[in-house]
């Protein structure tokens, strides 16, 4: 902090104020959670709510520590992550391919889109029992459901992204005698990137939600399984910990995507 | 614009209030909410194999309160079994329920204020079925295989005890949490290798969709599952006379279910749950009706429950000691037995499993 | 080279038509196991049976009622919450970070908690559906109000609007497009939550229960009927949401 003040020179007081307000901002963000946890602690101490409805925060913390120490939490989180990454990759590749194909060829879009939309109307949860009858309750089921969850938003957003590239740009490409591939790489894709990323972000969120749904229904491991286990045994602390981990992973994935979007945008600007 | 917004907010608030939890009021009309920790085939609201199931199918409770137009009985059956019943108790949505030993102990351990009023469905056997061509011949073969269990039920505890007797821990097998119907589906399609369960497994074996390779029937009586009628303490305190009448009805159902001449009629009544009568016959083969349908809170039952509590803690299913003192409330049961002169109808058993001389 | 509408519609129908033909052919020729792909006839008969004998429309009605109730509650709470948090600086600083954190928890992960906190019965299901609608609507309301153009706010200040007038005359109207998107999302998520609630929270009437029952009975035809109904309702909701969005935007203009 001393160095910070030294470097700013005559702007010291303004920077100092900015620094403090920044700290205040991040601290104030924590104010509500801290208050809520305090209220939680008080409620369990005084017994305002029966303990099966709200376990003491210290208890949840202890269980969390135990689960991390035993490696159990990491194991289940890893299983869920592995499923999501695998399923999402498949869904994303298919989604991008489908979206690009439909975006570049209006004719293909005419043929494929209505059928695609019809299948997309069915909520992912609705597919689960159907697929259970076809492929059982093993890993395949989970991967397919996750892939489907990611597929729809990615396809639709890729399509709209490609459609949104102004015609003039494609005209420029034609004037410059770009090949099909060059048009795609240098004009269409870069223009569609913001939309594609929105699709990817939505797809990942939806894939993650679909994973939880499948694991709640039929699984022997994973974070959704922890939720079921906790619920059956009335271990609400396990349920809360699983929820927190699910939230944290969701948050990390979101942040990761934002970071890579910024990276790609920067690369795109440099490229052009 | 303002009015539209306001009316929308008002409508929202109204709906919010309508959906808010409504607590049962202790005035007429009174609805007695009775739960059952199982459900029939195809989600039929009937069950089998216990005196509580008889009470439902034979409408014993409804008949008891037939002359009270302001008192209604509402039965709810739970796919989620014992754990789901606990959720009902936790939210004051159930007043009485048939529930197995492990879930009722879990409830008590977690601070649910309940009382054990009478036994029902005690000493039930557990069955182990394996998928066709799974190659599993004995319990030892289950190691590392995929097994369906409904976590938190008395079947879960019995299964772990069985595994332990054969040197296996719960961690040695891959547990898939499935309810009764899910188990049947998964076993038939061979998505799992084996499953612990009940009459639904006998049914599968009869249809040749799976093989039953083991049952606790005839094995160590300590493997038996227990259950009973649990009551919510707040309701019992507020309505002791109604509680007595509810217990009376259950005792009458137990009496009818324990009379050997009624066996055929009993199985037919239980058939309302959708399980075929021959399966029920197999389920009760070799047991006297009085043995399985006795409502007595005798030393055997109490010691069994104490042992279940200790074992549950040992297996890590319950994480703190459960104090059973004051949980058993035989007062209403004893009143009913006195009044109906049933003192010598059922055989009481001691903690050692032997009949107590009366 | 714009294609005529007729040509496009015809193209759109080609694939479904081919799929149906392939389905019927494979059933007739015995190419597929009827347990995995029952003949179209079976599915139609099952649909008829469910509607006439087993009260499919009633089940659907119950699901929809639950959906609408939960959605309306979630919508009202979402708009109120989003507005309050966006216009007060305190609300923004204090509450939004926590909200952003909590919204990361996948919707379905809330089910065990809601089940324990609200028990079985309609109440738990409606709460879950309301939660599903609340999150996108609150978020979009917040975003929409935050993006209110500075000039409009200046005008409000110049005209000395009181807070309530500022909300109703400036913030909400300018946020309407974003709120409309939020409502669209809310409708979709609340339908998802309705089906989810029927899967995971106690047995009761509803379409979700029908699909699960079909799976347990190995009745693929029943599952397909249920899935088709789910899809049709999903489609109807999407249309409804789109129309509502358009109407809201027109109203604002």
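All chains are identified by letter, namely A, B and C, in their written order; residue positions are counted from 1 within each chain.
What we mean here is this: contacts are C-beta pairs under 8 Å (C-beta built on N, C-alpha and C of every residue); 3 or more make two chains touch, one makes a residue touch a chain.
This is a predicted model, so every value here is computed, not measured.
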Whose Cα centre is nearest the centre of all Cα atoms in view? C
Most remote chain relative to chain A, going by C-alpha centroids? B
Looking across all chain pairs, point out the one with the most C-beta pairs in contact. A-C
Take the average of all CA coordinates in chain B, do the same for chain C, and state the distance between these two points in whole angstrom. 37
Any idea how many Å lie between the Cα centroids of chain A and chain B? 41
Distance-wise, how many Å sit between the C-alpha centres of chain A and chain C, to the nearest whole number? 19
For chain C, what residues touch not just one other chain but two or more? 115-117, 215, 218
Would you give the residues of chain B that are in contact with at least 2 other chains, written as numbers and ranges? 80, 90, 182, 185, 189
Spell out, as numbers or ranges, the residues of chain A touching 2 or more other chains. 52-53, 132-133, 228, 231, 234
Given the complex with chain B, which residues does chain A contribute to the contact? 50-53, 132-133, 136-138, 218-221, 225, 228-229, 231-235
Within their complex, chain C touches chain A through residues 3, 7-8, 11-16, 19, 35-36, 93-95, 97-98, 101-102, 104-113, 115-117, 191-192, 195-196, 199-200, 208, 211-212, 214-215, 218, 220, 223-224, 226-227, 230-232, 234-235, 238
Where on chain B is chain A touching in the complex? 80, 83, 86, 90, 106-107, 110-112, 146, 150-152, 174-178, 182, 185-186, 189-192, 317, 319
Residue ranges of chain B touching chain C (in the complex, touch as defined): 1-2, 5, 8-9, 11-13, 15-16, 19-21, 39, 42-43, 76-80, 84, 87-88, 90-91, 93, 181-182, 184-185, 188-189
Chain B partner, complex, touching residues on chain C are 69, 72-73, 75-77, 79-80, 115-123, 126-127, 130, 168-169, 172-173, 202-203, 209, 213, 215-218
